[in-house]
């Protein structure tokens, strides 16, 4: 049976499959469906320093082979996350989580990182500089290499845990941003966040999402995510956690071939609550069929061509 | 714990233009606990439509679920083409429904596709000895459905916007014109109707809300509603039924 | 019956539906299926000054609800296009075409524009500064506002016909590029070209497309295209021809609601050769159902929200 | 002019592991002109798989088309699940096939899934009075299919890579070991086989090529092949059959 175990900074995981931030809450909704200890890790819901209600409804729309969301980082604030959500989670999950965090401002990122990185259950931080759904902060940090480097550097200073920077695909040159955050001390890169999209109600003419634009994710963005992971993983020397449209074990393997050292699975969890365990099983059986003994052997296999 | 499973269509018919009644059978039905809960359906096996479609439960037992739905877009159109024997993937027993059956005189209020979930509720209320009447609002006479089925259970009052049947106007007009008295009400329908009800009757009501949903089981925060006394509640987990006292009108 | 007639610079069209460049050859392949005079116009295959063979095979891959291509602007060169292809086309099509053109260099763009704009059948030029599939030129002109403005300005100088500039979606700020080409004299904007994507063969690990990356198009990119058309059409005062994933009359209407004055239909033609006539018919019947008499009334209807 | 239409599956069976024979019926069959042409199939009604799937024609008449295909990916897997009575959308009569039947002694050469299109060709050649033999290459004995059907028409020689049946090696080994003489050959199979054939027999051959296709009818330039004496030819329109004299080996 193929070995799925992978080790990344701060994350020693029995397999490379991590539910993506925002699509798995703080984990325990899924305990209704399965034992979440089968997962490599969990990327928890984007956390900010202060509580956020998020954007007005509707927050959800659909596209071909994908969905749009504009949640707007709804979360109870970092103290409630650490004291309540992580506490609840620690009773049902014995691994380490990848604590996703957002912010309005550099200061908010720094303060949030301080608190999060002190929590025992946190293996590493995932610094979201790519949220398209909040007015200030969010994506703007992720589209400018200098700002991206700055927030990375400041968060690294205060974090006692490794820091993954989560990149936006809505940029001309994602490699430049990846290199900038690597130079600023990032321990890894998570990519990609959602593509900025819109849908309209043809009867009224209004955007379906109240916030107008939303983040597009799901199978539809898979080829774009693969391309970016391929480009970035060749350009940096830190591990890349790849995501965007993964919904099968085959997809996860393709993403690792593109250059990802682990994968996150996002909105597939919403459509099929069993998506992650199914992906883990399918990865194992495909690798077995292909005669590959260790999943680490396929990471970046495409780079030789 | 598992409440996901394939259900097989055992009956499917058009009640009135674009409104269909579908009965599905399968084990996942046994996770339904109360009227007002909903199911979330993956209509096809492929990637389009991508998301599940939430549907209220009109009636249910251990092995079957009856739903009434209207064709409004791509997903419901595909659903309307399904045939007896076809299967769809269901998440069942979602949300919190109507659980307070302590009343003397209750009215159930349904607007359009908010009518169906009242069916099982009326049955439950009657079982508990509550005197129930139903007040339904439709656009026009030809939109109406399921009136006979309800009339077999309780008195039914209808309002139509164009006056083509019953009282002309809204469900509130029908309640007033028929001088209906009640100590509790239960409602499901479009948000403007629910808002109007909360304004007219701020207390002792239970109202079932809709929201576009990402997951239907609490994972995505796609359906959060601002309510009084809490920062927010999820329509899919804490709802879809909320107390009139906690609803923020036009929130 | 709803009026579908639209008038754009250089293009007086019986309806707003134009097959997109590269997916319709030089038109006559489709005469095997239907009378192409039902079309508003035709965006002809990207033409360069000299003949191009294009990229090695495989040039085609697939994604969820879409396809990837790396044709690489294969075409017989501008003289053969004007003398042979346009000549053949003029026998079966009595409208004006939108002559799509590419180039390696500024000089090639200029020389190509000179020749193309003199052809009678050409209503306007479509300046492709967004082809992701050629090594030099192509997309690089479309990702930098200054370069984009420069090539627009130079081509405008030599063209006797209106010039539409075709934008790449692979950018951080498409509005900046749109404004730059508007200021440089563009008569209209065509958008979007394909999203840069990749797929891998999981057995060998190699990219499926020989050229490695390809352009992703089809329904999957529709929400991204809508968002960009919405943003750009609000920021400029020249008409936008919207495209990216349109495959039904409903899609075309949604694109016009987003802000497009006409639409192009790309890879839908490849899957269903009757895509364009079906879209035209469906647009008409949806508008009739909605009680809209003139298709021009829905252009940018979303901007009021 | 129209050569697009729905075809209905009238027979569908597995010949050997993952290799299926499917017969479809419908009017679009009448646009097929010659062996070696192909069809392009939209397997589902939805957006995935997005593109059509090209398939050679094994045999055909005015109303029906027989194909043999192997399950290699998502599209062919979905196809293999189709049942008699199901419909798929076809473009038919695509490409230029084998049209030169003037030979004394011909051999048809098929490698793997290149075997099926030879079936109707052998029939045509025999009708024209040509003496035909068939040479087929497979990986191993258990991959073989359709041999009996061909043996009913002409002598058949087989090569397997592992030697489990017939000559060990390639089709060229089989031609040589069996001392087959021929003044024309017709081939279909994987590109390395076609390249080897052109090298060994540069003249008087017709070879059918494959390429990943965007459209199958000449619109996208997805399938252009470099050939001698022209800047390029499209596999889907000018091909899939090319003369050995114009093929650029490893082009």
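Each chain gets a letter, A, B, C and D, in the order it is written, and its residues are counted from 1.
Here is the rule we go by: a residue touches a chain if its C-beta (ideal position, glycine included) is under 8 Å from a C-beta of that chain, and two chains touch if they have at least 3 such contacts.
Remember, predicted model here, so these are calculated numbers, not experimental data.
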> What's the fewest number of moves from subunit A to subunit C, given that each move must go to a chain touching the current one?
Replying inline: 1
> Which chain has its C-alpha centre farthest away from the C-alpha centre of subunit A?
Replying inline: D
>> Based only on mean CA positions, could you tell me how far subunit A sits from subunit D in angstrom?
In response: 46
>> Could you work out how far the Cα centre of subunit A sits from that of subunit B, in whole Å?
In response: 35
> In whole angstrom, how far does the Cα centroid of subunit B sit from the Cα centroid of subunit D?
Replying inline: 56
>> Can you list every residue of subunit D that touches 2 or more other chains, as numbers and ranges?
In response: 47-48
> Which residue numbers or ranges of subunit C touch two or more of the other chains?
Replying inline: 61, 63-66, 218-219
> Among line, ring, star, complete and other, which one matches the pattern of chain touches?
Replying inline: complete
>> Using the touch definition from the top, list the residues of subunit D that touch subunit A in their complex.
In response: 47-48
> Of all residues in subunit C, which touch subunit B in the complex?
Replying inline: 64-65, 219
> Which residues of subunit D touch subunit C in the complex?
Replying inline: 1-4, 42, 47-52, 91, 211-215, 217-226, 231-232, 237
> Across the complex, what residues on subunit C touch subunit A?
Replying inline: 61, 63-66, 68, 143, 170-173, 195-200, 202-203, 205-207, 212-213, 216, 218-224, 226-227, 230, 245, 250, 253-254, 257-258, 286, 290, 298, 301-302, 304-305
> What does subunit A use to touch subunit B in their complex?
Replying inline: 22-25, 29-33, 45, 51, 53-54, 57-67, 69, 71, 74, 76, 208, 218-219, 247, 267, 269-274
